Amino acid sequence: MASEMRAAVAALGAAPSRHDKSVTSDLSIDETLLLHGMGYEPVDLVTGISIVAIPYGTFIVPYGQGGPIELPNATEAVASAFQSGSERLRKECATAGGVGVVGVEVEVDIDGPTASVTFTGTAVTPIRHELASPGRPFVTDLSVRDFVLLERAGWAPIDLVAGAGFVAAPVQGVRKTLAQIGQNIELPVITRSLQIAREQAMDQMQTAALAMNAAGVVDVTIIDGPLGHSRHVCAFICYGTAIRLVAEQHQRIEPDLVLAMDDHIEFQASAIR
Amino acid sequence: MTASESTSSAWSSGLSTNDFAACLDSGLQPLGFVQGCSVVSWNFYSMRSSMVGVGFGSNQLRGYSEQYNCPHGFVSSEHRGYGLNYQMTWIEEAWTEAFGAAKRRLLEEATSLGAHGVIDVVDRSIHHVENSTFEIALSGTAVGIADVARPDRPFATFLAGQKLNKLVEAGFAPVDIALGITAVGVIGSCITEYQMRGGLSIGANIGNWGAPQKGEIEQLVRAQSAARQLVRERVRSELGGDTLHGASLRVRTIDTGEGPQIEAQIRGNRVRSFKAFAKLAPPRPVIQLADR
Amino acid sequence: MPDTPDGPPTDLPKDATHRLEELEHGLFTSDLSVNEFLLVKDAGFHPLGFVMGSSIYHIGLQARKWSSSQELVNLTSAMYAARELAVTRMEEEATELGADGVVGVRLDVNYYEFGADTAEFIAMGTAIKAEDGRSYRNVEGKPFTSDLSGQAFWTLRRVGHIPLGLVMGTCVYHIAHRGIGQTMSQVGKNTELPNYTQALYDARELAMTRMQDEATRLGASGIVEVKLIEKSHMWGSHTIEFLALGTAVSKEEGSAPLLSPQTIISLDN
């Protein structure tokens, strides 16, 4: 180890070799090594963003309606933001010479009448470039660690798939039910609204995955709850990575058992006030 | 500025014990805790307030800018006749100057200790609000290594411990810490504002404004993309063939009341390949016998 | 180093003596986790008991000049003396137990309703003793103190180092306000302010240097896990305490090299 460190420090005097091209990657060295172990290297940090308008009035629900009201305008807006954002990410990846993007961080923000979706990840390419297939770059929010483990087991990511559902629980319906406070009863309208939003979103995600011949969707992230600015609206957004089996069959990992002796106690500077 | 050249012969280091152990293992000897800081006065001012009496096209606009003209002609005095995305070069310069000065001082201290480099660098940016000042403070542990000539300028890295050792084993030498900043301001055009309000018009109403209620808000998408693009280009332009590892891209959008201001920041470790990338043995998959 | 107040309590409380007597009969208490306990044993040490010390201190105010940056020497002395007292009392408890050292030391400051500007400084940790019969006390004949965890202690021993003591340096500094004229003249410029830079710089250097001087007195070869903590306590944001804290260590002869760790990939979330 010490001799390698000496060689590294000694090499600082020399200029970087001319044929090296500058690479920016947000991968840690652990991740770079893992990736290298499976024959990939990072090429660039890539991003994709989309901000869409949600028409005014989408979240305003006519007073006195009976059942839950679906809000297709909002659903479509978020779905299209996912679409255009990931398309831009893929384009940046292709420009940088990558075959796919790993460790994509997805940020979704719905702020009044605008919705934005941001993707940030690292484009990767096989070290031996002739192995690079010219097809559509894959995109995944899996970490490098998960990507490597999946690959070991014979699976490959295809794309991020997402779904969104927005449903308004009618104001009057809720008030009427709340007037019965004191009786412990289910609130059927709200229950139903939430159900509809979830089913709608999951259905979109699954349809997207089936369309790309995926065998499954892993690591699904779910954002749900009332919208910040319109709390009668229930929002449900989900996204995950669609994967397919590339090996002939699933390879078992067979992990070893270890006993960790760390406690992960970190010194807390806040303890000293 | 003076380094802590006290009478003491003891070195000090901010290294955790694990990092300290790994550091000894790699032949690096800690020499001392070093720091560098810079305080700049911090006045927020946007394009608009600095442009009083100045028209567009003045040389205040440097770098990236895009103008969005109003397609409606004069409608009313509330109706904005233009929109603009512009790079706030003065903010970038303040940051770059402060970071550069802090780093220079950090490395000066390390040099005065006879160090080969500085590891485990921690950077903090502190707003002293009452003073409207803003500080960049860097600290780290200066290290030396036997039997190697000192580089012209000590290397610097955010890494330490096993991570640094693994970096070297993989064939990369630590070179420098890198920080890139870009700020882009947005003055929304009438159409952008219309879209950002979900299709609610302001001032005089003119039909559908030639803008769809649904769909992408082009000006904002362009500004957000430009900020991310510019900051990556800035960092890349300083790499000169090296690699930036463990880069983190942080973007925040501040609503200034005059329109969004987007600040994008990249920081990471600049490293240089000094031998063929060595392949490490694949790690063993394990499961811990503990319930966390 | 700083002044101590008149008539500090020197004896341990009666209950403490009783508690410590019980510990001398073989029972031990400790706030070490099971992992830490096993690693401390593995490093050849046995836990003796949980030890603590505290000091209630009145920290007054000191006149500050609005527009100049300076160290507030009285406050610095008070902050240092209070912590030093707490640590010394903890050391006394450990000495009573015949300990070689104290690991996992935590330093806390609590503000009670006793009165304005009054704070309790507490130090607590687990006293340990070597099982090989050697004494590991430091040059001052006192048990070493250290804020290292059980894991860190084990690692440090593996690379042939022994802790000598918790070392600290503190500096309470007043950062000047900017005059209105000054502020106005800088409007529209985001430029470096050399005076401020220098003030913050000096304050941190003072704290660091004081800490290093302590380490030198202990004959240390180095200080690990240095933390530089900045707190305004109850003084308002222009008066800041810079506290440097670390564990002084020294190298022993014949240290075993660290085994290169294995790379693993955890399947736990």
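Each chain gets a letter, A, B and C, in the order it is written, and its residues are counted from 1.
Please note the rule applied: a contact is a pair of C-beta atoms (placed from the backbone, for glycine too) under 8 Å apart; a residue touches a chain by one contact, two chains touch by 3 or more.
It should be emphasised that the depicted structure is a prediction, and the values quoted were computed from it without experimental measurement.
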Chain whose Cα centroid lies at the greatest distance from that of subunit A: C
Centre-most chain [mean C-alpha coordinates]: B
Subunit B and subunit C, separation of their C-alpha mean positions in angstrom: 33
Between subunit C and subunit A, distance of the C-alpha-averaged centres to the nearest whole Å: 43
Centre-to-centre distance between subunit B and subunit A (centres being mean Cα positions), rounded to whole Å: 24
In subunit C, residues with contacts to at least two other chains: 151, 225, 227, 260, 264-265, 267
Residue numbers of subunit B (touch at least two other chains): 25, 280, 283-288
Residues of subunit A touching at least two other chains: 1, 34, 149, 253, 255, 258
Residues of subunit B touching subunit C in the complex: 1-2, 4, 6-18, 20-22, 24-25, 30, 33, 35, 37-43, 45, 50, 90-91, 93-94, 97-98, 101, 105, 128-133, 135, 137, 139, 162, 280-281, 283-288, 292
Contact set on subunit A toward subunit C in their complex: 1, 34, 145, 148-149, 253, 255, 258, 261-263, 265, 267, 269, 271-273
Subunit A-facing residues of subunit C, complex: 33, 35-36, 38-39, 106-109, 111, 147, 149-151, 225, 227, 229, 231, 233, 243, 245, 260, 264-265, 267
Subunit A partner contacts - residues on subunit B that touch it in the complex: 25-28, 116-117, 145, 147-149, 151-152, 155, 159, 163, 165-170, 172-175, 195-200, 212-217, 220-221, 224-225, 228, 232, 235-236, 239-249, 251, 266, 268, 272-275, 277, 279-280, 282-290
Residue ranges of subunit A touching subunit B (in the complex, touch as defined): 1-18, 20-30, 32-34, 36-37, 41, 44-45, 47, 49-58, 73, 76-77, 80-81, 84, 88, 112-114, 116, 118, 120, 149, 152, 253-260
